[in-house]
Every structure is written in structure tokens, then in C-alpha cells.
Amino acid sequence: MADRIPVPRDRENDYSAEAAAARRAFAHEQTGVDLEHVGSFSVDPATLSGNVEHFLGVAQVPIGLAGPLLVNGEHAQGEFYVPLATAEGTLVASYNRGMRLLHEAGGVTVTVVDDHMQRAPAFLFDSAREARTFGEWLVENFAAIKEVAESTTSTGKLQDIEQYSAGRILYTRFNYTTGDAAGQNLTGKATQAACHWIVSQHAPIERFFLESNFATDKKTSQVNVLRTRGKRVIAEATIPNELLQRVMRSDSRLMYRARQVSNLGGFMAGVNNNGAHSANGITAMFIATGQDAANVAESSAALVYAELREDDAYYFSITIPSLIVATYGGGTHLATQRECLELLGCYGSDRVRKFAEIVAATVLCGELSLGSAIVAEEWVDAHDLYGRNRR
Amino acid sequence: MADRIPVPRDRENDYSAEAAAARRAFAHEQTGVDLEHVGSFSVDPATLSGNVEHFLGVAQVPIGLAGPLLVNGEHAQGEFYVPLATAEGTLVASYNRGMRLLHEAGGVTVTVVDDHMQRAPAFLFDSAREARTFGEWLVENFAAIKEVAESTTSTGKLQDIEQYSAGRILYTRFNYTTGDAAGQNLTGKATQAACHWIVSQHAPIERFFLESNFATDKKTSQVNVLRTRGKRVIAEATIPNELLQRVMRSDSRLMYRARQVSNLGGFMAGVNNNGAHSANGITAMFIATGQDAANVAESSAALVYAELREDDAYYFSITIPSLIVATYGGGTHLATQRECLELLGCYGSDRVRKFAEIVAATVLCGELSLGSAIVAEEWVDAHDLYGRNRR
Amino acid sequence: MADRIPVPRDRENDYSAEAAAARRAFAHEQTGVDLEHVGSFSVDPATLSGNVEHFLGVAQVPIGLAGPLLVNGEHAQGEFYVPLATAEGTLVASYNRGMRLLHEAGGVTVTVVDDHMQRAPAFLFDSAREARTFGEWLVENFAAIKEVAESTTSTGKLQDIEQYSAGRILYTRFNYTTGDAAGQNLTGKATQAACHWIVSQHAPIERFFLESNFATDKKTSQVNVLRTRGKRVIAEATIPNELLQRVMRSDSRLMYRARQVSNLGGFMAGVNNNGAHSANGITAMFIATGQDAANVAESSAALVYAELREDDAYYFSITIPSLIVATYGGGTHLATQRECLELLGCYGSDRVRKFAEIVAATVLCGELSLGSAIVAEEWVDAHDLYGRNRR
Amino acid sequence: MADRIPVPRDRENDYSAEAAAARRAFAHEQTGVDLEHVGSFSVDPATLSGNVEHFLGVAQVPIGLAGPLLVNGEHAQGEFYVPLATAEGTLVASYNRGMRLLHEAGGVTVTVVDDHMQRAPAFLFDSAREARTFGEWLVENFAAIKEVAESTTSTGKLQDIEQYSAGRILYTRFNYTTGDAAGQNLTGKATQAACHWIVSQHAPIERFFLESNFATDKKTSQVNVLRTRGKRVIAEATIPNELLQRVMRSDSRLMYRARQVSNLGGFMAGVNNNGAHSANGITAMFIATGQDAANVAESSAALVYAELREDDAYYFSITIPSLIVATYGGGTHLATQRECLELLGCYGSDRVRKFAEIVAATVLCGELSLGSAIVAEEWVDAHDLYGRNRR
């Protein structure tokens, strides 16, 4: 085999237009492909040093604007126009239609009911009995552990340490509030410091692993559905059937019947979400606003609960138990991403719960839109009309 | 409440730079925010008519280049430079490091073992007994159903119809091969046609729903882990311990021990993936190449299986049971997205399995990179170094 | 430590009253406990040689009689009096009450919709690609494999071999019909023979394991909920609200509302059964009739689907996807167990589906009984009255 | 249809030999079947009044004696002879063989790491926000709630109230220690009293349901695997390979390899237990000792964790997260059941953890026995030899 040729780097300053151009030239040399559009960007490469390595250029992901979305949150109140970055035809139209319905219905009520990010170190002992003793020690020494963990961060606060035992291992979840950051990094650093202190204090720990598939980062899990990762947000609305009939050409009774069939199908399938397609809205908002879209893995989990009321009004709620969002850190400060956060009034400090509320409200609009369409059998037709770039 | 002001549309031609500018002006008017960077794009709005509604501008997502990735696939063979669109510091560096390791180890062997996209209509009957009779009828009339379904598409082929009964409902999965498209739309259209024909032929169907949470689109599920949605791809490699020690400052024995703890943690957590972070690589490739990133919900599922060999070499495999990818349709034809596919030699027809192989090979590199780092306790430190934009 | 003293055996004839008495004497010697009641039995020890080792005596489990149960099955038709072996106060009363309700409602309609027992050998290869090739070979050679497997059994018939790939392993499920036996043993023997033949024919199989946690024997699993283990049985009924009100002091509208809350609770909990307590009836019938009560692990899975009809009638169905029952083999021939099967007209050949129908009908009665009670808040009171031996 | 003929009851004294005989006569009249063996029992019907209704006679379930089992528990220490009630050939022999192995290995170390029984009432509010407020109120008023709950029971102690929110519902778990009783009834009564008090104090509760499929009684669930129902017990041992080779004709390296395949198979299958067959030992002990065998649904869950040590010794552990056992109440006082508890020194007060330890130690022996056999390919042969009553 020929020698391995690594991607070129500029050791002096790798975050420059020149370094990016050099890599595009390298790519052209290796593959013959001209990265013209990838090289067309307005973001300043110098701002990307904590966000990407081997910067080459950008993906231009189209943004559609949906709204107005009417939100009755504790942090988000009033109308919002929501940027959705997607290449899936009908997505923006579908969410927009749901927003129109919910606007007429008086808006979406949203509540953040829980909020923490975690790391989940696992500690190994000689036997389960020693692991149990250690668990008691953890409870007794919580204040000291909290102090060590919080010494590494200005914003993270250690709330509690959950314990789950199996064999000679104690799995834990160190739960933190993390301000406006999503917090995976600060909780990692804080928990590592805590672990090192713990190991120095509690004699017989054979070993610990900072990660043990119990957090569960970038993966959906029942433990996160139950115990929350990021924000646990609940969006609710009650929609008169007259509105469903007029705006959506649908009917609450049909939608409720379809919901029963969906609930059972999802339960038998072993799904992580008994709703319709919350990942669509979440992903589109995540890409637009600089969230980590890989967290769609966790954030796609949802719990839908609906009721058909006496007057045929439709109460509909969706609970997102692991919504991982930030208005600070990560990709939120980048050029287009920041503009999209600003569009929602969500850039900067003390905005993350507001943002979480807007995301959940958007999700609910999309659920009712697709839920209506399925019943109306308009679903494939709608795709046919808008999605004509697909086979 | 003030009147609801919808997002403006140009009824003549909504896919133009002018229409987009008008919407940015509208957004400015409503919120005071200047969407300067969002409005900086090279993609031609006229090409977006099947991809987005209410086009406003673009999200510029930074792309880093990793590689060379050495792949021993059936479709992808040789070296590839992989574009990763992300704003998460260390991600590109981590995957790149894994690619270096696997290059030295002789590359990643990848196999697509299954391939189909499905729609999952549910049929309701008077009782379970009639549902069972209908199931027998479906088997007997498969050829005719196949003909009807395939009459709606030039590329989709109906492979089989799986049946799952519960109560008076028969849930089905119509499985199709879909060429180079991901196929959610073509299978929707084909299955709807099939359902209408079925209802016209088989008398006592009370009702059917084209979707029933059994497909399960944009949601992870056990049924998809078991029965495949999109491509089922398996990436494998055997890495000498000498390499792990030298390149990664890690050790196969430590990594294998950590794997046992992770396996148990994940099993107790009820996770959809006993690996480390496949969603990271998948999402970054999906955004770069115009895949539907909302499918990360499904595509984040994975099954890791590893072995410590007699000579301490480390056999590592990852199975992605629901990798949903396309090299045609959706966002694949867009300006930057197409260039990124071309960079991999994956734009156009008969390329989708090649692309699936490259994605899976990339994922494996990332698993070994993070897996090494966890053991080496370098993980938080590495994040500290590269990820300094985060708290 | 003192020498280990094994349980005494009679090497000539260990299945005699004398051998049992010798063991009770031994137990007395070791522990001082007099096993007077354990030693009181009418079953002939000579009949136990395939059922138990180191026979000591019996557990006397009280049987209560419930009924009449009115069944509209394909095999079970008419009224049955059902023996329930249990020590849980209120259980028999609760099921009996449900049977009264369903009798007035016209009986329970039951349908066996699927029927097979499986073994799940796993085959290991050098790589996933060879595993895939082997999978194709399995399809091509199905007829020959079937012949080998069936040569070991007079009743087992190999229906198909399902394939599930992961890493370099091909997991399979060999599905058999097994006549009136539950079939775990005959399928084990047949599959082992098949595996040995396969290994002799297909060169590069590194190793196979006859069991791989994919069957999944004595454990509940999503794969069995989806793909059936034993009988997949569906019991249904539609109950006028007037009956629920008069007989159960309950109400269909309340029950339906409670069902929604239960569905969501169960989904969030990650439960294997969205019903109330099917394991109660199943276990009591299993113990009475000589089924393997350890299979309650699998047989406790259930899928409830209910509807509130226009006239407030309550359609209720329960699907048991892994009901493992026999009317031949195992404990079915024992003294009391056989009598209980005879009581149901289910002893001997060609009775197993009839028995499965009666079990499922019984289960449905119990679901509606407890479901009514929960709504009526009579539940704890009822336990208080009947269950007074408990704290 | 002919008139419905209910099972006869003696309104004066239904718990007598005469009443039982009358029901057997009735059964004979209805079905022609003679319940001779069912009518052969030594238990006094007068003792059954809280255990069964419509008492007819007994199921005689054969008991085999296994042992000695060597236990290193905190409550159970030394050798035990274990009664196993089963009709499954090879079960007693298999467990007995495992007990021999573990005896030579120095015994099974067992630790009860958690212990509580729960009820899981769900509370409904106007909206999620009010549910959240109520959750805060629950925390503030815990002491008062605890007092009300505990006023209904002499042994139950309310430990904590867990909260899980979804939509406008707050699901809770009221966790209690329950002394030597399994505690389903006492926790039901205590929680009902608590709920009535709560509703009287906290104004806007729309409704509560005492059960909501979140406990999850008679059903396995991830929430119980994570959060414990009954006892969380961990059994461990380290077995020299020499012993596995000599006693079991097996090998730790082979067993460890098989374990990896089983772990993956179970994970892909969505199983509630990555071990072999813990339900077998648990069910046999439950029936022998008067436990509620329907709880096998929950108690069948298990988490196996194993290690291959440097010297090829095999560390093996099994965690049973929902072992529901009692040494008081339920069926524990019945004639044969009490004798079997006495045989283990587990009848009466302050014995329940001792009993839990013995059960878990027994389970571990069975896991290693079957685990050895699978590798040794002796499994089907062993069944063939002992299980000859089956097809």
C-alpha cells in the first residue's frame, strides 16, 4: 500500500481561510473534486478553534422559517418565528401548519419540570458488599464531593449522586445543573476531579471508569427517559375539534383512535417515543441554532399522552425527557447559529430554559400536524407535492 | 392578542434569493435581528424547491476533514477522506486518530448484510380471527400486492410483508429495496397504493392506518434493531495490542475490561447502543452529505461485539442495524452536500452501499478512539485542550 | 469446614416412597425439621422419574375453583370450571367475578394466531461477510436441515429459520411446531442434530452455541413479544357498560381513562405488559395443570388494546405473545395435574390449543376484574377482606 | 344458553373438608372427572381462609432436595439443603451439580444491597405545571405523609416517594420496607391511606389512580431493574478453572467466550436477563416455600457480570434486582410451605433477608451449572437422560 498521507495542518495557525483552502486543495488533489460551495462561507475560521479540527469549509443547510409559534411558557412567552434547518421537503410546511393550528387554539403551554446533565462513573470493588459500603460512604461524604466537583466549574452545581448496583460494580449518576451550557464537558471535568478525590479518600476502590454506558451520552435509554438527561420539558394544548376540522381537515375522534393504534404499535415495537416525529423538529432547530445534533439520539425520546374530552376537544401533551440544549458554548456562538438563537431571543445567559420551551412547543405543533395528516390520509399526497426531489 | 402575521411567501416564485431576502427582512422587522450570515450562501435557491419551504438562508455548519480512512468493503475499497460537519470540538480529531490507528491495522472490513426501508400500515378488523384470515390472504396475494406497490415507483421493490398481530389489529411491515434513495417517500407512496388496492379486494377491513408506530420512522426501536431499517452494516477490525499501545497509549486488555463494564451498564440502563458514541460520526457525516439528520434517532442504535484474542489482539465489531442513507434524493443534490458526496465518490446511482460502508468504517474508528481514550483517562484532558469554547 | 454430605440416593431405585422417606429422614437429621406434610402425598413416586431428582415429597398448593368461564374459541367452546392453584387471597374470587361478568357479556372470544417453539443457536465465523454467506446457505439448504432436525422427533416440525446478524455472529431462531408438548426439549434435540449436520456440511464455521440468549427461554424479551414463543393467543370481548356498572360497580368510561394512564405508565416504566396482572391467572393455572411455572417469565408478557365504543360499550383485548403450554409431557401426566387438565377436557393429544384458549380467556376475565376494581377503588378493600393472613 | 351454574359455596363455613368435597362433587357432576388426587391433602382447610377461595383440594408438586448449598451471606451462613418444587426433569440435578461445584469453590457470597416494596399511584392535574407544584408539595410534606401511611401498618415504613412526570400526570413510587412480608398488600393499604390524605390536603388534584403500571406488579420492567422491587440481591463467586474442568467437564475460557455471545444475543433480543435460567431455581423455591410464584414475572430479571481472571479463574456474579420474597404472610404459613421454610431456617420473623440470600445463592449455582453444560455440549444429552417423560 502507498504511504498514508494525513490531512495537512498549519502548525502556526490552523484556523484560517488559508489553512482551509489548503485542505480543499489537498482534497482536490486526492480526489479530483472541487469543493467550491464548501469553500463559500462567511463564518470567520478564527472563531472555530474550539469547534472543529481540520476545518475545510461549511455545509450549507437550508433554513426555512416557520411561525408565528405562540408559546405560554414560564420563560418563553408570546410569538416566535422558528428557524428550521433541513433538506426534507414538507417539514417546514408541516410544522408551520401546526403552528397555525396551535396559534388559533391559544398557544402551547410548556413547562420545564426537571433539568440536569450527568456523568456516570462506575466503581469496581472486591465484592458487592464493599460496593454497598462505598455507596453509604458516598452519601455521607456528599458535601465534600460536591465541593471538589464544583471547584472545577463556575456554573455546574452537583445536585445528587444516584446509585445503581450490579455485581461488584457500583454505577453512579452524578447529576448537575449546568447553567446555559449543555454541560457534557463541564460535568466530565467535574466528575473526573470528584473521582480522583474519591479514590484518594476511600481505600479499596479497585478501579473506576469515568464512563460506563449509564449516562447515556449520544444514545437513547430507559434510564434517561425515567431520570432525565438535559431538560425534561412538557408541552401541552387543548384543541377544539372545530379547529382540527377547519384548519387541518381532520377530527379529534379519528386522531384519538389512531393514537390508540400507535400506542400499541410503538409498545410492541419497543420504541423510544410513542409520538410521531419529534426528531424532525428537534434536529432542524438543533442544526439551525448550533446545538449538538448527535444528541438527537437522546432527545428523540418522547412520551405522548392525549385525551378526548367530553366536547370532543383534544388534549394533547408531549414530554421530552432528554432534551439536550444550550444557549452558551458548543456551536451556539457561530455566525449563523448565533443569529438563529438571536431570532428567538435565546442567545446569551439565562436563556436556555426559554429555548427549551420553544423547542418543545415547536415539537408539539409538528406532532399535531402529522397526526392530523395521517388521519386525513393527506400524508403521502403532501409529500408528493412538496418533496418532488425524491424518488 | 394582536393578529397573527404569517411568514411572507412569494406566490409566483418562492424559491428565489429575493423571496429569501424578503423573509429575512420580515424577520428583522419582527425581531430586530439582522440575519447577515444566514443570508450568506452560494446554494441556488431555485434548487431547493423540494427540500425546504419558506427558505430564509442557510446554517453554515463547519466541516472538518478526517482521514485517510482505509476501507475493505465490497463497494468501498481503499482510502477515503471523510468530511465531518460539526461544531463539537475534538470530534474530528478523535475520528482522525481512530482512522490513523485502523490504517496501520490494515483498514476496516465492512459488510452490508441487509437492506430495506419499510412502511408499517396497521389493519383493523372485527376480531383477531378475521385479522388472522386477512394475514393468510396477504400471503396468498403477495404477487398482486407487489405489482400494485411497484407500479408507483421506478426503483422500489417490495421484498416481503411481515405480520405482527395484537388484538383485532394486524400490524405489517412492507419491506422494500429502494435503490440509492433512503426511500421513506417512495415506500410511503407505494404502500398507500397497495393499501388502497387491498381494501378494495378484501371485504371486511374496518380501517387501515398507513403509519402505526411500527416502522418506526425517526424513532429508535427494538423491532428495527432486530429486523433492520435502511442498511444493516457491520464494520470489523482486529488490532494488534502493540498498535493500541503505541498509537493510542492504550491497551487491549484494559479496553476489554472496560467493555465488560460498559456492556452491563448499557444493559441495565436500557440503552439502544452498547457502544460509545456512533451518533457523533453518523451525524457529522449526515449533515455534510445531505442525509436526513433526524434519522440519527434510528441510526444511533448499534451492537458492539469485541474479543480479546490469545495474543492480546483486539477484535472489535460494530453493527449498525438501522443506517438510513441515500446518495440520491433528499438533500444529496444540494450544493455543498453533493460536493461532500463526490469527495467520497458517492454521488449518483449505485453508490449507496459504498456510502453505507464508509459511514460504518468511520464509526468504528471513532469507537476505538474514544474507547482507547476512556481507558487512558485522556478523555477529559483531550476535551479540555480542544474544546475550549465550552464551559 | 466439615465434609460435604450429599443428599442420599438409592442407586437401585431412587423413585420410591422409601427413597423419599430416606431423604426426609436425612433432612431431619441435618436440620431437625420434621417434613410431615411434605411427606403426605398420593402421587406414585414411580411416575416421577422424568420430572424430578432427589424426590422428597410434595408441595401442597391449594386449588380454588373458578367458573363457569364461557369461551368462544376454535378449540374450546362452552363453559369451563377452571382450577387455580394459589395461596394469594382474593385471586380466585377476582377471576371468578370476571368470569361472571364475561359470562353475562356472552363469553370470551379467543384465537390462537401463531404457534411455535424455538431454539436459537448462534454461529461464529471469521467475519460478518462469511456469516452472511452462511445465511444464504441456510436458506438454500433448508429442506435438508429440516429433514435432519425432524429425524429426531415424531412430533416436531421445523417451520423456518430466522436470521439476525451482529458482528461475526449469525444468531438464528429455529422455529418448530411441537404438537401437544411445550417443546423445549424436542426442539433442543432436533436443533442440536441440525447444528451438527450443518457444521459437517458448511466448512468454515468456527463454533456454534446451541443457546445464545436469543430464544429466550425462561426470560421475557422483545423478540418473543414480536415473533412469538409458544402460542400467540388473543382473547377479546365487548362488554356493555350496563354490565360493568351492575356486575362490577364500575364504568367503561372510567376504565378507559385509567387505561390511558396505565398505558403511559407502563411505556415509561419499560414494562413487558401494559395490562394488569395476567401472570396471576397464568401462574395459578400453570401450577394446577403441570405446566412449567418458570415459563411465567415469558408468558407474563402481554399487549392490551381497548376501545370505548360509541354506546360506551368496552372492547377489551389481551394478546399473550409467548404462552408456553402443554397437554403432553413435562408435569402434565402427574396425579393432580392430570386431573386438573381432565377437568378442562384438555388431557391428551390435540388439546393444547384448546388449553391455550382457556388460559387466555381466564386471563381476560382477571384483567377486567382488576381493571374494574382499580377504578372502583375497591381494590385495597377487597384485599383487606379476603387477604387477612397478610400484614 | 343454559343457566349459568356458579361454583357452590358453604355460606356458614367454606373453609372445610366438606365444602371442598362438595366442590369436587360438583366438578364431577359438571365434567365427569374424578378429582381423587386433588382431594388427597394433609393441609387443614381451616388454615386457608386468607389464601384461596372456593378451595377444592391441592396440586401436589414434586419436591426434590438439592444441596448442600454453601452460603457466605450476612444472614445465611453455612450449609443448606434446598427444596425445589418442580416437574421439570434435570432441574434438581442441575442445581445440585452447581451446588457441588460452588461448595468446592468455597461457597457463594451473597449480599442484599437494597430492599423495598412499592405502590405507584398516579396523580392527574390540570397541567404539567400544577403537577410539578404538587411534586414540590410532596417533598415538603413527606413527614406527614409518612405518618399517615405508617399508621395503617405495624411493619411497613415509608422510605421515600420517587417522582416521574409525563404530561399532566405525576407518577410516583411510594417505597416501603415491609419486614418479613413481601408487602404488596400492606403497601397498598398504606398508600391508599396516604393518597386519601393527600387529596384532602392538596386542593387541585383532579384524580388519582392507586395503580398506574409503574410499580410494576406481576410484570417485569426496566424501572424495577433500575430501582429495585423487593430485594436487590447479588450472588458472587470466583471458581478456579481446575474445578470447572474437573467437576463440570467445562472450562472458564470457553464459558467466558460463550458469555460474550450470550450478552450480545440478549441485548439484541431485548431480554430482561442476560443470564441463563434463574427463573427455574426461583420458581421451584417459590412454589416449595409458599412465595407468590406469579412474582416470577418480576423476579426473573437478572444482571450477570463475569470476568476471566489472569489465572483463568472465573469470577461470576448475578444480580437479582426484583426478588420478591417473604417469610411471613401469603402462603408461607401453609403446611408444606412452612416445613420447607423451616428446612432452611427461614420461617418466622427476621428471616426474609436470609431467605433472599439462599435463593440468590441457589440461582448462581444453577447459572454456572447450565453455563458449563452449554459449553460442554452436554446439555441436550443431560435432558435426554433425565427428561424422558417428554417428547
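Should a chain be cited, it is by its letter among A, B, C and D, assigned in written order, with residues numbered from 1 in that chain.
Going forward, a contact is a pair of C-beta atoms (placed from the backbone, for glycine too) under 8 Å apart; a residue touches a chain by one contact, two chains touch by 3 or more.
What you see is a predicted model, and the numbers here were worked out from it, not measured in a lab.
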- Higher C-beta contact count, B-C or A-B? A-B
- Task: Would you mind pulling out the distance in Å between where the CA atoms of chain B average out and where those of chain C do?
- Result: 39
- Counting in whole Å, what is the centre-to-centre distance of chain A and chain B, each centre being its mean C-alpha position? 16
- Query: chain B: which residues touch two or more other chains?
  - Reply: 164, 166-167, 169, 222-223, 226, 263-264, 266, 268-270, 274, 303, 305
- Item | Overall pattern in which the protein chains touch one another (line/ring/star/complete/other) | complete
- chain D - residues contacting chain B, complex: 222, 225-226, 257, 260, 263-264, 266-270, 274, 303, 305-307
- Item | Complex interface listing, chain D residues touching chain A | 74, 109, 111, 113-114, 127-129, 131-132, 135, 164-169, 222-223, 226, 232, 234, 236, 270, 303-305, 315, 317-319
